[in-house]
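Shown next, in structure tokens, is the structure this report addresses.
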């Protein structure tokens, strides 16, 4: 109980700094990949930012492991957190949580369940797609025979891959690029499936609610005698 | 309460004119994009029609904001209506609602829930696809290296994109065309997912209903003793 | 009531002949499309078979309209039957029903709900795909610039289209071929969505049933005290 | 009853040896396909391993048929087992079951329902994809006009096929390769649909559970009065 509350307090306090570090990591990586013409000083700054953010993620993982009071079970039950330490590019996915935490503190009415799932999965897909486009682009750029020439191409390729349209006008040709692409396909398929499924459920819900309000409002009387108009 | 009823009356009265304006906008845009050889007089007429329709959408938005008695909350809770004012090409999606309203007034028995979701999502996809094909075609036509040469190509590309087949024989090459395409993919995926999901639910429902009627009719007696034949 | 029973008797009696006519139509069409080198006599026979089958479908539609005692409502509520009269190539989809009717008469235990939906939607997809491959192949064969050269190509194209993989190594280039392809995509998407959805539900059902049997069998006692072992 | 228990004992005893035989078959097939430069002695060993494993599968099928005490009904109700005897490359799919059996014996808490469906369907897809990539590669390698040149290409093609992205940069050109590909598409579609569907359900479940815990923890009091904080 005590450890749980200390863990909860730790989570609450580190939420904002870690989210900022995630953003900083993503921005640093984007500058590192996209800005080719920057001087060495800026390049070193990018690396410093990325390293600092990475160190923060690792420290957070360590502290939380400690506070949990568990040994190897922690690694197994928090494998997603461990993966994020190894692949810090996935970390920005947690920014979505921050947004929600901010809203919760302000006490605003939160969205409905479906809207939140769609928002969460949609934003995750967007961040994942952006990080993936950067990573694949950094591998493909300059590879012999590559047809992904600008970052715009990479973004377009990402969109047609995540929606499983897959025209094939742009495809990764390097082994590493393809490996990252496979990871993106797998995650994107699951996340967009969640978006699609939630949207579908939400639409059906809206239509069945409309039934009820229409039978009470638009018609002179209730149609099936279930609810008296008074 | 009073404002609600005034809003409802406004909605009811403006439904038909706004739907006609939506159709007029879509037709005007289609003529503007497809009819290249028309004289300047006709071209100006197209623009006039589109502008008038647009003004009607904006006025409707303003009046409804007023009537709602809300301030910024209205913008947030009616963001879809705001989007339609900015992108009037999406407005024809509301024609679907008109069709339903007409049916309701006539008092005809409405379709089942699944049928309505399929009809609504299917019609929306069709209108969205047509508007998107027009918009992408207007960007791609004439672009260097484009392989979308006729409007028939654009329609074929739309169908293979919305169903996520994505052969890749025809692909947008301009940045704007690709941006519109991404929007179409996202909407189409969600809408067609709703169609597919509803169709699947409906099919399962039909089959389980068939079970019941078969056990009462085709066999000499009820199979599981639930319903006596008499 | 009386009309209903007459309609039911008519359905029961015409089921087998109409199914055979459907098969004959499909075979006749396949021979007509695929067998190029046959003599004119055989070709005329094919046409005769197809015409006879078509006439049987139309007659069946007419008789059922009569027996229903309805006027225009029949057209609206049986629009699928009307569509089949116009596009007799879709008729073989009813063969699936015949198979089920035969099984029911023999009194064999029928499959579970999910298995039947999967079987029905899967077989429908297969028949639809075969008929569509024939129709598209008959349009594409000989068209300038077409890359669908053998019927094997057409079948391969059908499979990659219906599963929405869409490599794009083979694509229809004629307007008619593309029109048929769009119809196939729409139907295939919905039918395969039903197959996928049912399979998913079935798998989840199997796993949750396994839970129950495992807790009663593999472990020394029930895990959650719900069911005593005795 | 007695036969059931003997069948259960047989299943329990043969589970581990058969799983090892499955693995040996898969490894043997992989070596046979991929290792071109091995001497004839090693090649014969591969064949021997594969034949032995195959014989074990057939013997297991025969024994279980005997023990079941059924005649032709066994073939019909265990058609999946029969298929595995004919296509032993599908056998490794049962390794997944072994993993679960091992876990069950150790008494560890098993995963939740959704996690197990995702794990099972995901692992099955992986094994199916690997076996399919081997089979297609063995057909395509050396075929005239084939663009699947290395096994890495085959794996990449498998991933883009199973996720239905289908770029089309690599496609099978031989009839046999295409036949195997169609089988992979059908199975992959169903299995990945199960993964996507379960993930979607799981995500919605997580979000609705979060609702409950948030209303008890983050806010000063429960929001809807359902659960007192004490």
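Odds and ends about this structure:
Read from first to last, the chains carry the letters A, B, C and D; within each, the first residue is number 1.
Just so we're on the same page, contacts are C-beta pairs under 8 Å (C-beta built on N, C-alpha and C of every residue); 3 or more make two chains touch, one makes a residue touch a chain.
Here is each chain with its UniProt name: A, B, C, D = Voltage-gated potassium channel.
Model, not experiment: these values are computed from the prediction.
Counting the residue numbers that touch the partner chain, chain C and chain D have less than half of them in common. The interface formed by A-D recurs in A-B: of the pairs listed in A-B, B-D or A-C, only this one shares over half of its residue-numbered contact pairs with it.
Rounded to whole angstrom, the centroid-to-centroid distance between chain B and chain C, based on C-alpha atoms, equals 29 Å. Averaged C-alpha coordinates put the centre of chain A at 40 Å from the centre of chain C. Contact with two or more other chains is made by residues 164-168, 197 of chain D.
Within the complex formed with chain A, the chain D residues making contact are 152, 156, 159-160, 163-169, 192, 195-197, 199-201, 203-204, 207-208, 211, 214, 217-218.
Note for the complex: chain D touches chain C at residues 104, 113-114, 116-117, 120-121, 161, 164-168, 171, 175, 178, 181-182, 185-186, 189-190, 193-194, 197-198.
Remark: chain C residues 164-168 touch chain A in the complex.
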